């Protein structure tokens, strides 16, 4: 039983913590938080041990009358591995603490690639994290890109890829977004292409990104030139058989990210989470050697399974295929189709 | 076992159907739909019998290769009561069909009050629907108002009420909303006050309404002059002890409808549904004989339990208190607080 | 010729600067800015002298190759009065600079009332700023409230007022807003009522506020108990004859803030500015001694004329009526109707 | 003097009518409308003659007490050419009326290409409309694409183009949009590529499109493989020297469509209209023979000048260069930069 701590209990942290709870080869020792908000109460009511992130945070918890188990230092003394899910760039600030405690550590995609020994995506490079001490699970967008491009590249061969990422402005619970407008990334190509190359180095890719006023999901329009002939049918078949990718149909009324979320709600998904890449079967096309694919990425949920697989690889618990299968089973992640 | 059919399987229909499935004194015979979209497949996969709404719709289902059980006429021949959840004003068009079949019928708040013998809210006037043949469950906004005002009026006494309803523009799954703007109801007072009076006739109330660009929840700012002295503490206590009302705290980070929805997701609520009125404890105030209360109404979910209670009252199945308690237990509806 | 400087050149600053340029009894000596963005170039191209706000800012301008006239200290040495339009609470930080320079000063509503000798609204209390050294022009929402309530109170008499303010989340040019949700002010009554009382002390008012995901305009639903009998007709007539208030009709297609903005665009208003309160004639109603009025407040533009009038009163340039008339003429501000 | 009528007075109609008024070689005889809303009053107050679109509409105008000049048939009897700006597909319904009246006719991009003899963009194919009887001015998106690709293709040579169009959901004045979500076009490639080919047949292009919850502008991410070597500098220079295209800089704070609209407001543009393509200079890039360009298209304004040029070409009034120059001068359309 690997003893796991989770630093941060926001969008990613709470999902990783719950995924650890559902993994019978791991034990969630506790989570750390900076503020005694409602999610601290929820964590406690679920039996999760809550630690203050720092001494200063400890004071806030005490002031609010919320009893914590100590600070993150106490948590670090009891675990094998810490999953840092704090907001972008904060992970780098926390790293010395983890080093001092001598624990393995996982960071998220908001940190720079050089914080870790390897940038990780389960399907693309599980084995590279094998036994490693420091791993970075790449961001939601890079995770989506990695899944799709890894499948295309290893099965058909990608000569070059162009992708436009249409990004949600902030998460549903936040208040800091773009309200009416479109905000393109000024740097073209954007950082997403190079970030994909930290996971899959040998794909030639250029990315552009824009931010739009929505909170639900990102959407990628992926344009790929293949190394060999393929067909729409072959592409559809490949996507249907790739783990952690599901196909939906516009003709069934699923024509937008908000209808896809409605489907996830109707399916009874916890928090309507869709850790899968959600691809529109209607949009898959091949023409003159180029393929076109449009899919949505649920930014809140997509890296949840990747963190679990990273823990397994870093601790040499099982093989890639076993780990992915086990994670998918415990989290209810499917592929092919979301319904019959 | 009361045999129930549900006409329409949209926002309200699917919730009522599932609530019937969870009620051990009722049997869901089937639902009717107009189009073979993804929710038809989901219904079938849950074992729900799907009927085409009309002969014309039947052709659409056949064209899509989706096997239905017949049309609504077939459904009507097998049930005791139909819950019509079709879009506003369509219920009136369907009514002759129901009359012909000789079934009891429930309509929703989008229909005019005179479609039914009584406009219904479980807590306010359960007994008035007792044994009735045609009942109208009032709209989401009127349901929220009825719950809160019934509690205030029967416990403290309401001299007059002024309410401003800040309405969501459309449901999350729809594409037909106000994108950037505020749209006041031109008719002042709006129809909501008179609609409340169809349920609770003896409250003097004036309402104003505006539509805003959000999909998650409505919000009411309720201003009430009381018939006798009261205090903030008394109001808080009353609200805490009123069924189907929950209090949340801004100081816990729950300062908006989107954070309340995040809480519902974290709680594992199916579809993040909040059939309860969600009131901000921080906003409850009393000053110079007037009370101030601000609460959110989840338009998708709030009438779900009311439809179940209406079925029970119309069929004389049990008393008001028993029915409300039973419905709340089967649907996981609470009061007081959403977490400890 | 009063020599005026404007500190800050954002939403309010640029409008005040242009209004000074259009006032033949004032001279715009210059404006101060913190960053060399596009509006610095526009200011210069209009012949406006640009000063860096601080020494540190000066370095930024130099780095960008943008030639400024000096820092705000240089500007202060050449003027009689500074209009501080910097973001909330920054005015208080700037105040010592202004004190040292010995200039008169105007602050905006984002500052606390005690920063100034008087909180100002032209129609409500022009004379109280007469000859004063430090004046605070109240916020957009308080300005709208002051105009309407001053007219009602001085003509009919207001026994008590309840107002719900539905606020835009941020300005159109900003990226920091609420995207999908409604965010009520947790403190009830909100600060707006007390703020109105800094201008008109003898009105009994309670206010509630919510923030919604729009950028165009605020909207107020105002509910007033009158001291004496009145009628809808009298109210309409009064509003039609009150300066800086215009009536629009829903039946003409003007049923929301976004259609009102479309009208302003069609009218050729600079920046589609509506310094007037925009009231829906359809919504004006009187019932049982209470009046109901719904109007929109263009947060970017409404305080523009107030700042000009404040300058005149503080410098004893002319009477209230003369100043308001002169300001309205120079800025194209009307009352009654926006079109025939 | 060419006698012009405009059918429809919405987003495009009012802009075309005003552009005709500003053209000294044309006379605006009148416009037709279906409803007596505020814009009918504005038109009349500007001295524009208003006709009811049909006999049925005439009754509505009479009921509202709005005096019109007759119906569209009366208007057609007095003009040389009609510019039909009615909503998509309605133009085809109106066409027989125009045929009967024997007038020349212009339709908009909402109609199918085969409604006209030629699909038109001033810079790309002015001469093809020379003397023609029926012309279709292509849609806002196709107009933007035509301008940019015509410049690239005729100066550098385009081997192939991939474009992702990120579309606004509805116009600012409308209430029928996507509120929170992203809605991809299910048909890939989308119709925009083929539509571009109705104007410039020899460019190989594939397009994808998504709709996002904003009202202000569309945004295109254009990816082009060139026929010969070029550089970022060459591309920037070319775009700077192409009429009806302006460059803006992110480093000046113009990093989104809403800040670009703020600039247009500050510039005093009527209705903040930007008939120019607005391209971000920062985003222009060339890498491995491919060029990347990101620009915004103001859907309300971009076809305004194109309609004027189409009138001139169809009536053989002057050459392409003369017409474009004349139109730009009368409408204040620039290129290169919007400010110094």
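Lettered A, B, C and D in written order, each chain numbered from 1.
In this text, a contact is a pair of C-beta atoms (placed from the backbone, for glycine too) under 8 Å apart; a residue touches a chain by one contact, two chains touch by 3 or more.
Quick caveat: nothing in here was measured; it's all calculated off a predicted structure.
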Open item on the list: Applying the document's contact definition, name the chain pair with more C-beta pairs in contact, A-C or A-D.
Closed with: A-D
- [ ] Would you kindly say which chain has the C-alpha centre located farthest from the C-alpha centre of chain A?
- [x] C
- [ ] Indicate the whole-number Å distance between the mean C-alpha point of chain A and the mean C-alpha point of chain C.
- [x] 46
- [ ] Go ahead and note the Å separation of the Cα centroids belonging to chain A and chain B.
- [x] 36
TODO: Averaging only over C-alpha atoms, locate the centres of chain A and chain D and give their separation in whole Å.
DONE: 41
Task: Multi-chain contact sites of chain A, meaning residues that touch two or more partners - done: 172, 174-175, 178-181, 183, 213-215, 256, 258-259, 261
TODO: Note which residues of chain C are touching chain D in the complex, please.
DONE: 14, 35, 37-39, 41-42, 45, 172-175, 179-180, 215, 248-249, 252-254, 256, 258-259, 261-263, 265-268, 270-272, 339-340
Open item on the list: Considering only the defined contacts, which chain A positions touch chain C in the complex?
Closed with: 169-170, 172, 174-181, 183, 213-215
Task: chain B residues touching chain C - in the complex, by the definition given at the top - done: 162, 164, 166, 178, 180-189, 206, 208, 210-217, 219, 221, 223, 250-251, 255-259, 261, 280, 282-285, 287, 290, 292, 294, 296
